[in-house]
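Paired with chain B in one complex and with chain C in the other, chain A is shared by the two complexes that follow.
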Partner chain A sequence: MKLIEDANKEALSRILEAEPMLLDVVPAHEAIKGLKERMILHAGPPIKWDKMCGPMRGAVAGAIVFEGWAKDLATAEKMAAGGEIEFHPNHHFNAVGPMTGMTTVSMPVFVVENKRFKNRAYCAMNEGLGKVMRFGGNDESVLNRLRWLRDVFGPEMAKALKHTGPLELKSIVARGLAMGDELHQRNVACSSVFLREIVAAVANVSTDKKVTADVLDFIARNDQFFLNIAMPMAKTMTDPAKGIRGSTVVTAMCRNGTEFGIRVSGTGDQWFTAPVEMPEGLYFPGYSEKDANPDMGDSAIVETVGLGGFAMAASPAVAGFVGAGSPSSAANFTRAMGEITVGQNSEWTIAAMDFAGVPTGIDVRLVVETGMAPTINTGIAHREPGVGQVGAGVVKAPMACFTQAVRAIAKDLGVS
Partner chain B sequence: MSGQENSPIQKLLSSEVKVVNVGLEGFVKDLQDCNVQVVHVEWSPPAGGDPEMAALLAKLGV
Partner chain C sequence: MKLIEDANKEALSRILEAEPMLLDVVPAHEAIKGLKERMILHAGPPIKWDKMCGPMRGAVAGAIVFEGWAKDLATAEKMAAGGEIEFHPNHHFNAVGPMTGMTTVSMPVFVVENKRFKNRAYCAMNEGLGKVMRFGGNDESVLNRLRWLRDVFGPEMAKALKHTGPLELKSIVARGLAMGDELHQRNVACSSVFLREIVAAVANVSTDKKVTADVLDFIARNDQFFLNIAMPMAKTMTDPAKGIRGSTVVTAMCRNGTEFGIRVSGTGDQWFTAPVEMPEGLYFPGYSEKDANPDMGDSAIVETVGLGGFAMAASPAVAGFVGAGSPSSAANFTRAMGEITVGQNSEWTIAAMDFAGVPTGIDVRLVVETGMAPTINTGIAHREPGVGQVGAGVVKAPMACFTQAVRAIAKDLGVS
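Presenting the complex of A and B:
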């Protein structure tokens, strides 16, 4: 159908023309219009407290105490259950967040702007591995780290970024892909490149030697640091592709631990949701699939621009880490995703595939026709609040989201 | 009998068999266990075999 082909061409072109730049780090309430006290932004499509999974509830309780809206976790849970907290998806506020995806007023957020289309997206800092709020952690160690990020790390990053000026992100991603990252479960190369970009500026702007050391050490010890930059980058790339009539290209994929949601260009901000699936993967010692929480996080936005599971061939090490098999299997994942996408990104290439561009622009029609759902690389959270990450794996987006989207586009175009 | 022995199928099975398996992957392992060379091709019916959805997709240009 020519209308759809033209619309998809336009959607892909807008995604590929993006020029995402990292501009700043600011408190969330300064950047995110409409974000206010006693409001929590979460990962995934809309969800109410009574439907939230364990880690999401744990993170919500922790965020309430962190913001000083309650004195302890028990009180915080009562407030959340009693309707005293407003919940909204990050995506409704131009934001994204990995796993539970908590975003509240005082958390520092990265500000990424797509210079080509002038739209922005935001994401809180990555806290590192172990017991962290994004996996539902909420004890004093978790909250103290968030306080340090708010009071020390965020302001230092802001000063450093003013010193460097806007950082061009596509080239960092291109270098990371060549160095073995796929930008979802492996970000060690991009995090290292980012550290090289920022290290001199941090040293130049900081007035305290210990603070300088702590800030640089925090980035250096966190292999996933760049994920929280890659995610808003990806969102700034797909948002301009929203609202092209007839386009069947996916503009967002996300999960809240209970439901998976997608948005499609031709249907604008409408969500198509279905129950999330369980990731299949490898578990840390002492844990098994019995401990695992279902799929969660806004991080699947990176797959939406051809990274993560779509760029598995760039990252054989990830294939092993997420239990997806041998390096040759990694290439098969990328080839398969090429069957459900409308093009490739020539700026993000994979050496192991003779420099083919990452498959980009998921077409809901092709997903339903082939029966091949998008592959997402993901961390696995413990099902109980407060425990943290227990493994990593691969998960499929539920097919029902895509069949609903196909029907909605058909209806809009008067096709039955 | 002699006619069947010379049939194309008899000739095929009396030489080394190389198999292309389309669809269900379960057959691949059985053949590999018998040391038969096999290449697997992933395939499933369009739209998971849902004729109404397949027809809709055809109208949408797939």
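Presenting the complex of A and C:
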């Protein structure tokens, strides 16, 4: 159908024309209009407290104590259960967050702007590995790290970014792909390249060498640091493609640990949801599938722009880490995702595939026709609050989201 | 022949058991016993001024002015031609240097120690790209950079390395291989990982934030920074394998721009030399094969331990950069080098080959039998002094070095 083809061509070209720049780090309430006290933004499509999974409840309780709305976790849980906290998806506020995806007023957020279309997206700082709020952690060590990010790290990054000026993100991603990142479960190269870009500025704006050392060390010791930049980058790329009538291109995929949600260009802000699936992957020593929480996080926004599972070929090492088969067959995932996408990104290429571009622009029709759901590389959280990450794996987006979307667009175009 | 097999097994195990650590940066005269005024160490096997190629003469003249032995380049050339300068190979003084490989008294050098065998090797700092002494550059910009490296960068690195303590180099290389480095023409990942390891220490030991920023920026902007650490690392790994009677394993490969030289375990410090070949590769805009100097530098020491051309499979991007064919066929180089080596290094693996170890321990017998000479990834210098790098390519070690070595060992064992 020509209307759909043209609409998808337009959607793809808007995604590819994006010029995402990292501008700043500011407290969330300064950047995010409408974000206020006793409001928590979470990953995935809308969800109420009573449907939230264990790690998200744990993160919520931690965020409430972090913001000083309750004195301890028990009180915090009561507040959340008692309706004293307003919950909204990050995506409704131009934000994204990995795993539980907590965003609250005082957390520092990266500000990414798509220079081409002038839209912005926001994401809190990546906390590193181990016990962290994004995996449901909420003890004092977790909250103290968040306090340091708010009081020390965020302000220093803001000064450093004023010193460097806006950082062009597409070229950092291009370099990272040539260095084995797929930008979802492996961000070590982009995190390193980001450190190279910012290091002199951090030193230059310093007023205290201990602070400089701590800030640089925090970036240097966090292999996933760049994920929380790649995510708002991806959101700024897909948001301009929203609302093109007839377009069957996916503009967002996200999960709240209970439900998976997708948005499709032709249907604007509507969510198509289905129960999340369980990742298949590898577990850290001492953990197994029994401990795993189902799929969670806004991070699947990176697959929406051709990264993560779609760029597996760039990252044979990650194929092993997520238990997706032999590293030498990593390209098979990328080739398969080529079957459900409308084009390639010639600025993000994969050397091992002779510089083919990453498959970009998921077409819900192709997903339904081929029966091949998008592959997402993901971390796996413990299903209980407060524990943290227990593994990493690969998960499929549920087919029901895509069939609903196809029906909705068919109905809109009067072809059902 | 069992004596040879056993000797080669011993040589390989000494190479693999190495524990190279980066200890320090000190002025060359402090580290290198016997290095004195009016003495220049150069890349490759022994060579006199009258046989030196253009870029090496350019570098020699620059080094003489840098050390203050002459007031200008013209006087410096006259001194060199008049026998006032003593020339020796780096390898005769436990040192290595890329391309022209200049090492003189006041240059800061990395100190690498093989903790297992207690031997050390040294290498001057990498100057970055553009007009640099290692490619024959010798103007004021080149000399001023060397002065800054001597007066500012070297001392700061020394302080930082005392703060971190010895850095374990094998694991940095392992991480770099998973991030697309082959450690000869591509060191961007290892340079980034090195920055991550040293960054907090540099900030912590600082007495001046401008110096901290300059030092960190210099590392951050130099994709080849780590080459000059990888080279002495490789030398500390192969030197303990020298002098095992009957062993046909190569312990050094190097070139002075005129001759290629190899050392083989069973024949100790003896050089087997032949005229260098011309690299086949890609030229920077405005340059062609007509401008190229033949093969040069001690850097082929990295191929001697299974990196560079031997690890091409880790680095599909570099296969394109050096003009070695399609990136997707990079693994063919690594497989071919597997035919002329006695083993693999299980600590240095290639994800794209399902974590096969890099082929290690070049056997001169296998080179001669198969007719396959070692593949070396190399930079290409302009053949005139003072110009600099004009391209990058792949070059073969000359077969004559290997046939001489086979004959010498056969003679020694009485089997010729």
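The rule is short, and it goes like this: the second predicted complex is superposed on the first by the 416 of 416 C-alpha atoms of A that agree within 3 Å, B and C clash if a C-alpha of one lies under 4 Å from a C-alpha of the other, contacts with A are read in each partner's own complex, and residues count from 1 in each chain.
What we mean here is this: a contact is a pair of C-beta atoms (placed from the backbone, for glycine too) under 8 Å apart; a residue touches a chain by one contact, two chains touch by 3 or more.
Bear in mind the structure is a predicted one, so any value in this text is a computation, not a measurement.
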Query - Which superposed partner A:Ala410 touches (first chain B, second chain C, both, neither) - result: first
Report task. Tell me which partner A:Gly320 touches in the superposition: chain B (first), chain C (second), both or neither. Result -> second
Report task. Have a look at where A:Arg365 lands relative to chain B and chain C in the superposition and call it first, second, both or neither. Result -> first
Query raised in the report: Which of the two partners, first being chain B and second being chain C, lies in contact with A:Glu5: first, second, both, or neither?
Result: first
Query raised in the report: Is A:Val250 touching the first partner chain B, the second partner chain C, both, or neither of them?
Result: neither
Query raised in the report: Touching A:Met399 in the superposition: chain B (first), chain C (second), both, neither?
Result: first
Report summary line: Chosen between chain B and chain C, the partner touching more chain A residues is C
Query raised in the report: Of all residues in chain C, which touch chain A in the complex?
Result: 175, 178-180, 188-189, 192-193, 195-197, 199-201, 203-204, 206, 209-210, 212-214, 216-217, 220-221, 316-317, 319-320, 326-328, 330, 351-355
Requested in this report: Spell out the residues on chain B that touch chain A in their complex, using ranges where they run on.
Outcome: 42, 44, 46-48, 53-54, 56-57, 59-62
Requested in this report: Please give the residue numbers of chain A that touch chain B in the complex, ascending.
Outcome: 1-2, 4-5, 248, 336, 365-366, 368-371, 399, 403, 406-407, 409-410, 413, 415-416
